[in-house]
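Take a look at these structures.
The following pair of complexes shares a single chain, subunit A, combined with subunit B in the former and subunit C in the latter.
Let's look at the complex of A and B:
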């Protein structure tokens, strides 16, 4: 496969996401802008200019109508995807580290950073899909976190819970109606991740999710009971992980910290996207190419390809070859094509 | 006379009224399209821009919503957009840019082969060590047993003291220490010291540091001729994969038409595997042709 290399950012990538059909890719970076690309040929459709700080997170609705972004300038913005117009800005006391859309496009969430005496807060808003710029300023629910701050979060498939990943490695599930913690897997009980959770992505059907962590492992949790199902142990801190639809693999990305990059050779740095078998927890392949640690991974919703964004400022969009779809790394043990 | 004065500089004449020839597009029967476009550069000179491309129709089924989005940047034809200064539905930094990928932001990377199969972690390490063994037997450093003169030993300072200790011993250390690991074992206390990449892995390691590209002639390579014109790189790889790990397999193609020239090259990681492949595949029938396999000659030998 020949990757399409996108060099639209001047600084490290923070998050990339495909839209629901997989024809567009949104990339957010520390250089304050968000780019949107056509994945088929790498053409850039436009940029969303307006943030005054590193854009930490982006999320797109299932209709590709609105784009949500959270940045270090203490704002969350809602954009119109097709025109690049900023429709709405929410302002906070601290930086927005993560944003997410619910599966039915009705709810959004923002996680604000714990800083200057401000606690880490998850705010959930209702979005009016027809209203455009007149969106509500008051959150539907505020979940004020005690203890370790939240770094990542997703909505559960039925949009009744929020599943969060925390700085100390805790994975927890909060009820949206009551704002209370329902379930959790915490390192204090000797379970789950041991260090900061860097990314969390749902499986195609939403019944389980993958988390990546600085403790050099990625884990799959069941999204109903937050039970650990699989563990993938690697040698480097992980920054991102995703689950491939169609084929039974997970893709992990990481590398040592940006600080120590200059003292390590590219080969030893492990700046590769690593494919692991989802069921057997065995590594099955690697894709090299980046010059810095991979910060974010995103998989095509149809399972036809994936993209990686790195600390080196590049996004690489890969379309899988036929051999990928035909591969059976463990012979006939595994089931036929998943749908 | 005044008007003549204005035009003393013959080159300025062009500046005054830039008239660009129309853009042309011609297609030859073998499918190569030549696109000639004319532009004015910042000094007002005419610049002819010729591109030779081969267009290939690829049909892709996408959802209705995605098909609609594809039209977003394409409201105005590419050939007029740069003159009227407006184009489609672009926004932000791309407002008014012509449609199609911009070479400043989008490039196509080199081919990467993703092979899905169990990854054995020990493999690459072994390979590097075997590569080191046959290097330079003639010169051996008395201090670190590397392949260089003792006077040039990079560990001269650290090992001088140790060498004095060992002088009395008839028998040298059981395993010739190679590199930092060997030194560490001897307690030379070099941990944490910066070692340039060219000297990493010991002074015996050949070569001037790590190279981004492995030399083509490093690997045992087979030349496969009388190959079917329909064979792709992946077919060639699949054909030779049973004999061992194939590092690279490529079919040689015409630069412009991309039609196969009927031969290709297969590189193995391992010489023994290449040899079995050579013996087994020479004369093998593939796609109604009998392929012939031989060792590939390095570039300079072929010319001489």
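Let's look at the complex of A and C:
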């Protein structure tokens, strides 16, 4: 499994996402630009220029028509994927830490940073897919968070709830219509994650989601009831986690904090992507290569490969070998239904 | 004057009368005098006589008188009185003997006490006064003798539960940094944490303060701390407060040793004990008496946690500083002996800790002594109760006009059973066979004309066959110096390492001293010990027999370049070496099984009690590159290697000797096939169980996941239908068919031509 190395960023990667077909990969970085790549050969298709600060987050709709990005310049932008044109800019008072698309492409959300007296706010907008640049400025709903700020969020599979991960390790579910928190798993009750949640990604069909955390664990939660299903305990702080389709694995990535990287050797830094068996909670393999912590992981929607973006500024795109699909590390024990 | 002059006859008569009267009074006075000084000191009571009826009374008295006469303390008829029980029509089982003098009574008491009357009756002789004194002595309700603490009775848990492991495994304790962990040593190096009844592992993060040590039979674990030693026992080596832990205060403690039957404990601290009244330590104030001040060695009664006696210890100049003093125990914990170098051996009786016969054994120049160790049979309960004589060997060096001498003495009778003179002696070492069959005295000798008598250049082995009548001695002269000698446990063989390397004893970096290893065996035909095999030019400097004999390990310790561990079998039989079977060459079966290496090894290899496994340790107590341990089987196969920072100790838990008799063991050996079938099945089951359990748990989690997932998946699909929100997601199959074609155009050349 020889990876394709994408060298197009000058600074650390913040988030990478595949499009729904898996032929393109969007990468956001602290160097203010977003790149889009062909996953088959690593060729760069283009760049989305326009942000004036670290791009913290990107999201793509299921048609690969629009791209959404949030950055440290206090803006969220909507781009046309094919032309690279910026269609719309939303301005806020603080940085946009996370953006997300709903599964039906109708809704988007932004999380703004809690800073300078501003609370952390989740804003949900309706997107008109035909309207192009004339999108609404007023959010459908504003959820003003009290307590620990939100760091990550996704839409529930039926787009009726937002599921959030918080700085203190809390995972919560908010009703989009009312803006009320309906359910949470919080460290204050002695449950769930103990430290900041760094990433949250849905399973292919949205029935469950995986969260990664600085508490060195990743967990799977059921997306309807926010019930903890599985825990993967590692020995390094985790920055990202994703669920592989087709095969019953999850991929976890992380490493020493960026601050202490220079004082740790590459081996001790544990900058590897770790494959764990999703159901048995046992590690099955590791992929090395980065020389900085892995900041973001994304899996090919068809389960044919995955990509990792690191603090070292590189993206490594991996296509799985035949052996990956054939190997049965636990014998014939396979889940019945896997998408 | 006038008196005399006045007539002689009358005065003479008067004087005579006077004299007669005086004589008479004297006689009367003598007859009826109450002897206040003498008391009943001339009366002794003989207890334990047979009970007979009137018909046989006279006969019993006659027989007793005969016995006393034989013992050298005859008694007249009128001085023996037998109290009679008129109701039962029998005697009461004891007699009074009134000797003319206290001196005679004293002799009688000594010779008659514990003599046998016939086979069934042991007689006990006591002073009448003593009996009177002890019956009238108040037991002092509530007042305990000094040194006793009033402790409520607590029921001890089973102290030997670890022996009842259904798989018959041995336990070991590891010490890493301050953490102590206890494990079961399973087959092939598979170890399992020992768990308490609540499933939590047995471990402790305080036991590693100084070091740990097992008691000789494995009952107690001693954890040594700065303030003293704690003994842990019971199934969990701990328990409800105070149940399974015994604490002994001794500040600055550096060594502990147990008596062979684990009744007593000896602790030593180089720091003298404080005066209890001024000590800042409350428990020192409670435990010790003023006369213990300044002493270094404490002898304890383990069960009562009571000081029996303390001693001062002067370090010996001929031993390296910090060498713990040795109190040596007789096999059944009856005596403990201490060497007064050059002058005496002090033998103390237990539990009183008073000198045997109230004095030390004065032996001029005595340098070293050893008790004959207890054999397995000596640990049977019936043997432990018996009053027995124990053998003790000691040696004295050459003195003016006197040769050096080795003596074998019997205690408590103090009779010398065998002695042998030795010449040109530098020093002697005493090696007892582990079952007490033989004693080998390794005599380090110098040449008669040698300038320095302190450097031995060759050795004699004097082997005392102590079990045979008159104790014959075999002498083996060896031309080389022998640094180490080891008897084969239970066997009739021994191994020695010898060298004539001039570098021996002078640690020169980079120079390896070579040793020759020789094996000797008792030749039953010739009735002596014969050489059966020599291994030449080895770098190994440590010899370790398996505790069951037969197997042997030779290790290279203390070298910076070599870390070899050689495994040898003394009885390796195959079809090839038939000669050995026929008894022609007893050394032909000695075979090296394997050669291993443990980088950084700095401790003597230790066999487990069964002799099947060996552990080699690189301990952080001494400088080593890689602290950790390796576990080997007797064939020399490395089963596991653990490297751990600050790894200190690996100690096997000893086992008490087998309770089976030789016949029973022989029977088991004969029916080994029958027994082994059961164990083979268990082993096979054990192998499968691990994976079976894992499989079951995986199946369970898989089933749970499947059930949960299918339910949730359905729910979401329903929801999507309800809301009309079918996700427009491409099927995986479609993506698979997608092919990416890549056209690579290469510009080979680019030339510009100007067309005219």
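Simple rule for what comes next: the second predicted complex is superposed on the first by the 335 of 339 C-alpha atoms of A that agree within 3 Å, B and C clash if a C-alpha of one lies under 4 Å from a C-alpha of the other, contacts with A are read in each partner's own complex, and residues count from 1 in each chain.
Just so it is clear, contacts are C-beta pairs under 8 Å (C-beta built on N, C-alpha and C of every residue); 3 or more make two chains touch, one makes a residue touch a chain.
Since the structure is predicted, the reported quantities are computational estimates derived from the model, not experimental observations.
After superposition on subunit A, the partners subunit B and subunit C collide with one another.
Between subunit B and subunit C, B touches the greater number of residues of subunit A.
Of the two partner chains, subunit C is the only one touched by A:246; subunit B is not.
Legend: residue contacts after superposition of the two complexes on their common chain; A:96 is shown touching neither subunit B nor subunit C. In the superposition on chain A, A:304 contacts subunit C only, with no contact to subunit B.
Of the two partner chains placed around the shared chain by superposition, neither subunit B nor subunit C is touched by A:59. By the touch criterion stated above, A:23 is placed in contact with subunit B and with subunit C alike. Shared-chain residue A:41: touches subunit B and subunit C both.
Touch criterion met: A:286 reaches subunit B, while subunit C stays clear of it. Using the contact criterion defined above for the overlaid structures, shared-chain residue A:316 touches subunit B, although it does not reach subunit C.
When both complexes are aligned on chain A, the segment of subunit B among 56-64, 110-118 or 200-208 whose C-alpha atoms clash with subunit C is 56-64. Overlap of the subunit B and subunit C interfaces on subunit A: residues 21-23, 38, 40-41, 63, 330.
The touching residues of subunit A, when paired with subunit B in their complex, are 1-8, 21-24, 33, 37-38, 40-49, 63-64, 82-85, 249, 265, 267, 275, 282-289, 316, 318, 320-324, 327, 329-330. By the touch rule above, subunit B contacts subunit A in their complex via residues 60, 62-63, 65-66, 69-70, 72-73, 89-95, 99-102, 104-119, 121, 197, 200, 210, 234.
Against subunit C, the residues of subunit A that register as touching in their complex are 20-23, 38, 40-41, 62-63, 103-104, 157-160, 204-208, 222, 224, 229, 245-246, 279-280, 301-304, 330, 333-337, 339.
Contact residues of subunit C toward subunit A in the complex are 698-699, 701-702, 705-706, 708-710, 712-713, 715-716, 719-720, 723, 725, 727-730, 732, 735-736, 738, 740, 742.
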